[in-house]
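In structure tokens below, several structures.
You will see two complexes here that share chain A, one where it goes with chain B and one where it goes with chain C.
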Partner chain A sequence: MKDIERYQNPYHDEKVHEACAIFGAMAKSGKTFSAEFAIRAMSNMRERGTGLGAGFAVYGLYPEMKDLYAAHVMYLDKAAIESTEEFLSSRFQLVYKEEMPTRKVKAFREPPTFKRYFLGLRDGQIEDESEEDYIVRQVMTINNELAGSYVFSLGRDMGVFKGLGYPEDIAEFFCLENYRGYIWTAHSRFPTNTPGWWGGAHPFSLLDLSVVHNGELSSYGINRRYLEQSGYNFSLKTDTEVVAYAFDLLVRRHHLPPEVAAMALAPPFWDEIDRREAEERSLLLALRQTYSSLLLNGPFAIIIARHGEMIGLTDRTRLRPLIVGRKGDMVFLSSEESAIRLVEPGLEEVFSPCGGEPVISRLGTREAVGGAINC
Partner chain B sequence: MKTYFESRFTINRDRNLCINCTSCTRQCTFGVHYYDEKGELKSRDENCVGCQRCVAYCPTGAITIKGNLPEAASNWTREVIRDITAQAENGAVILTGSGTDKPYPIYWDRFLLNASQVTNPSLDPLREPMELDTYLGKKPDRIELSPEGRLITKLAPQVKLKTPIIFSAMSFGAVSLPVQESLARAATQLGTLWNCGEGGLHPGLYQYHENTTVQVASGRFGVSPGYLKKAQVIEIKIGQGAKPGIGGHLPGEKVNAEIAATRMIPEGTDALSPAPHHDIYSIEDLAQLVSALKEATNYEKPISVKIAAVHNSAAIASGIARSGADIITIDGFRGGTGASPKTIRDNVGIPLEFALASVDGRLRQDGLRNKVSIVASGGIRGSADVAKAIALGADAVAIGTAALVALGCQLCQQCHTGRCPWGICTTDPALSRRIDPQKGASRLVNLINAWSIELKEMLGGMGINAVESLRGNRDELRGIELNEKELSILGIRMAGE
Partner chain C sequence: MTEFKINASGLGYHSLNNLIKEYSARGPGNIKIENVFGQRYIGAGLESKVRIEISGTPGNDLGAFMSGPDITVYGNAQDGCGNTMDGGRIVIHGSAGDTVALAARGGQLFVRDGVGYRAGIHMKGDTTKSPALVIGGSAQDFLGEYLAGGVIVVLGLSHDGQRRHHGRFIGTGMHGGVIYISGGLEEHQIAGDAVASKAGEADLVTLEPLLTDFAGVFGYDKEELLSNHYLKLLPRYLRPYARLYAPGGHETAPDR
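What follows is the complex of A and B.
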């Protein structure tokens, strides 16, 4: 018998509403670049944050170790390290571990401890489930059951750096100037009802998926109850968790292309569906009928990244800002146009995507990014 | 035997205003107003049921009706005294109509809805899109696409509602034909459903088949292949909130030619609905009837199963979801009836609010919530109740009593007598004519449109622009005057938390 309290009485006490700055940059060529774009863009949007949380997700981060899973783990107390490392060694082949390089920053008096692990899978370790499901289960176990330990990210050739501060503080603390990647996403946080904490900062990540989010989900209550039925445990005290799990469910577990997943999360209005051609109409109808409890309602702009892909999406009526900029094979997504123009003055294209229309940039593609102009 | 009955109401007639138009004598179906042998207008107060029909139809406003008799003592209320007196004189079960009037807590009034401030813009439904469209029917766990991106998954039949409010089952026999026609016309105009109940479907209403739910109940009245074809949804009626666990009895004197034809029984015979379906003694029997009905209708129509809210509704609902049904209708103990033993109506069943919360929770726990839509009914009074029921977990709500009130019902609770002065709960052709289906439909359309607008306003306030995001979203509810246990069963937090 499952715990009925979780289904029947989900108080969701821990949910924090968000209002923030988000930014993403991707080189569609796959060429890596430094943290400079992300840091400067976030500094430019400083007044959208409060210093109560900021973070970065980087793809193409560990090219020499790209066949191994990279785990970024935060420890709120030293006692947690031993139990978590024991757990990791029992579930993975622990190839390499190290303390993450950090430097002293005035803003942080007693920062948590951060460690980085490179993990492989032993033969025969996984029974009756996919490799991804196995990894997700281990992450959920650490975050929910091992007190004081939080996995920030556990994916190949990527990682999340985040904490309780302004983006510049986080960048300085984690020595981000030493890293390169072909996608950088970033976030600065303005929590509106409870103080932030290190684990509640964005990006929020699962496998190689990461999400930064500006908004508040009025549909959180039902989104969460729906996802809990599929085995997701909510642990990170932010409604952004819903976005990450919903995308994971639709794309990884239900094998829907991201474009189709976006149609489920931010579907067209019914009367608009009625006007589409027959085949598209039946698809949209089936998606909306089936995934009605996953519709993300309320204002949001999100940037979802995973290997090879960066996706921008707003709610159906675009109540939060998202601007797209492009120059050559570089694509930028940002809460404010000024931040993009600051880091790339010579943009070839700038536009606001329509509400609910995903803007998808893919590695190795030459075509311009999707999304209609002037909506 | 000498009666000790007291009159419950006192009629006051203002002689200065009365113009002797005889309206009250004609409108009253209980013989209260009459002219004596001297031609003087008098009243028999002891016959008055307080239906207010004479008051409404008095052209000069000469009549007022006052409730009589102060309460005697808390344990021995006037009602108790009246019931004991009646049973001492006739030795019979006390019958009554409509929903329970006992002062059980109304939990809807202990829920408060949320609204957005600052962090989330509230939406203006007059300026921005606001969607109430709801699809009832079984949903798959996931959508599957072909490698070319084509839709592979075929959904079970879905019924579209333009607003998440439908009409409850009320049979021809319990209500008059013009009432059913009012409901059918209104449902058609509104893009929602009406339900013909268990008394068959009159051929005059076949034209509304696109918005009709037909019932298959324990009496199987009027059930035929043609009947099943005239429906969007087929509902197996297991129970009803006003009288869980008991059947029904339409006395032979009410079974006139039209009712007999519609129910497919001989004229003048009693129409008996057994307490259980005698082919359903278990959940597997229910599953067989569900598949028989699907087989009979080529798998083109969703099958609903209606149950009364009782102690273990959650487990029952879980079984129903596994039986292949597409919709579960839960009818709470405040639901109405055309006739029920009063002691059953007032003492059996549980509040809809608790049954709904635990059914929705249990179906999620069992991973079955997609497999069925939930319709909640039984005492829904307004758009706020609708919003709260949806937030607790309902896909849609059904209204019966509220629809009848829209047609004139004043809750005098005389439905079982068949003498409804408003022409609602009667089979008397003369009384039935008091309802004009065209006017009735327009009143019902007005009511549902008004509720829908209010529902949109509430959704907009919450920053939600599609009703599906409220469904089961208990974060949007807070409780007042509820204890820990109540909050935990309802799955909501206290105001201020």
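What follows is the complex of A and C.
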């Protein structure tokens, strides 16, 4: 689209950017598909971004290495490579490492260095904590203490590719045409309150969880302070980071089902809670009391993915758009309906879920996704 | 009438709108646009009374600021459709996204199916000009938010056979205009800024011409639409936020 605009727009007013764009596609059968859906859909929503950040998360990415943790690490400084690799070797069994395949892209004059590691755990390496907590701790250490190194993702059979550009640039740079996955989520950024930089691009990831977000979280400060008490350290200078850590805390560590986690992040209004049946009312009250500091305030539409699941959620008054499309076992989430229709013309169902109502697609399930247009 | 055809496939929104401007400058015509996938601002600012037929999914701000065209969409419209429209008509054979007809000050907008959040937000009208938004299905939350003028009609026709609406915060901050809704509503769905009553004979002056057009466009029986019961929402106050920052009384809306 970029080149078309260049010669079709004699007024050079193509900077009609206005919002972020988010997109997700999932095959509930688990069958993998190429990057094409995500790249075409994102290109079609070009006006929503600014070239100041874009990225993709892919699941089912490394089937031949799926028992190992795959780490995508960005180095802003080549000097950081040695210390980080030393750290990784001391905390993991470093099975395989390589330079991430990238190609020269005109938009990036001096891109950072990207390396990919496949990591195992040595017997007896972990004491007194879960494997996941151990991994999270190492990620936090690298991001906060090893200058110039940032973990974009460290999970099994998944990975995040992101950077400072338009989605098409990022896709070209990371040679995304060579990868397949059964979930792809994507983002194009219009930075509002925080700088556009390589690490500030979405998706944000922790373990196998990833988040893309359109909007801004005015509750960032209170959310962050609460999460810091649970050991999360913030290093990426962007509000969306809280969503990834909040979901990790609620779902992985506190064992809430995603449906219930959504009720904590975007709870119904008090008068709405008053009208619910007694059992649901007491659940909602308990959630609001327990997790009042995790309530996400401000406009947002987010797509959260993890293995086996893709979740769409908007704020309670839906101040940012989210459209759901479905055909057979394929589910699409998007900021705009046109982007879904472009990649899948034969949709069987299209709707926009109500504010605060999660739309959850699960691997291997046949039932239609939740939500309804007229709620 | 001259007929123009545009294949919008792969065309950026700027080029598409330049073509539309060029064709509409040639006098009365019918512009058919196919393969539309999200191109924005279609028909924006146009004053000529051209007819535009769109197949596909037009992008945000369809018909923004326009005052002349008669636009028909075979498909769904996205967000901001009819943004600040001044005149003309938009007919959607499908649904519309969020903030349809926002700040409209004239013209008509007919949607066959449902609409998203904040439909008709801050529509306005005066004695010379008044916008109308007719929704065949149902509306999500904040219908007619900050409504300042014009008419919104919700028919509830395609809503799961139950004809019960789920939208909340209807008429929040409304201080002008009128909303008619047919189909089940509970009291808590209506904002405190609106006063509900049953529509009567006197309201037919407003409803009949709109429903006649709507029935004609989408093939409904006009009499059937007119025989429905309508709830009528009027603003409780002309200045609902008069006391927000300074003490003093509300200005109560006059009887209508």
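Rule of thumb we're sticking to: the second predicted complex is superposed on the first by the 352 of 375 C-alpha atoms of A that agree within 3 Å, B and C clash if a C-alpha of one lies under 4 Å from a C-alpha of the other, contacts with A are read in each partner's own complex, and residues count from 1 in each chain.
Criterion: a residue touches a chain if its C-beta (ideal position, glycine included) is under 8 Å from a C-beta of that chain, and two chains touch if they have at least 3 such contacts.
All values derive from a computational prediction rather than experimental measurement.
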Report task. Tell me which of chain B and chain C touches more residues of chain A. Result -> B
Requested in this report: Answer with first, second, both or neither: which of chain B and chain C does A:336 touch in the superposed model?
Outcome: second
Report task. Figure out whether A:44 sits in contact with chain B (first) or chain C (second), or with both, or with neither. Result -> second
Query raised in the report: Given the touch rule stated above, what does A:58 touch, chain B (first), chain C (second), both, or neither?
Result: neither
Report task. Identify the partner contact of A:291: answer first if only chain B is touched, second if only chain C is, both if each is, neither if none is. Result -> first
Query raised in the report: When the two structures are overlaid on chain A, which partner does A:317 contact: first (chain B), second (chain C), both, or neither?
Result: both
Report task. Report for A:275: first if it touches chain B alone, second if chain C alone, otherwise both or neither. Result -> second
Report task. Considering only the touch criterion stated at the top, classify A:303 as touching first (chain B), second (chain C), both, or neither. Result -> neither
Query - Residues of chain A that lie at the interface with chain B and also at the interface with chain C - result: 4-5, 8-9, 11, 13, 317
Query - chain B contact footprint on chain A (complex, rising order) - result: 2, 4-5, 7-13, 15, 17, 19, 192, 216, 218-222, 225-226, 228-229, 253-257, 260, 264, 269-270, 279, 282-283, 286-287, 289-293, 295, 297-299, 316-317, 319
Report summary line: Touching chain A in the complex, chain B uses residues 116, 118-121, 123, 128-129, 131, 133, 135, 137, 139-140, 142-145, 149-151, 153, 155, 158, 357-358, 361-362, 364-365, 367, 369-370, 462-466, 468-476, 487-489, 491, 493, 497
Report summary line: Touching chain A in the complex, chain C uses residues 10-15, 36-38, 40, 56-60, 76, 78-79, 95, 97-98, 114, 116-117, 137-142, 159-160, 165-168, 188
Report summary line: Listed in rising order, chain A residues that touch chain C in their complex are 1, 4-5, 8-9, 11, 13-14, 16, 44-45, 47, 271-272, 275, 317-318, 321, 323, 336-339, 341-342, 350, 352, 354-355, 372-375
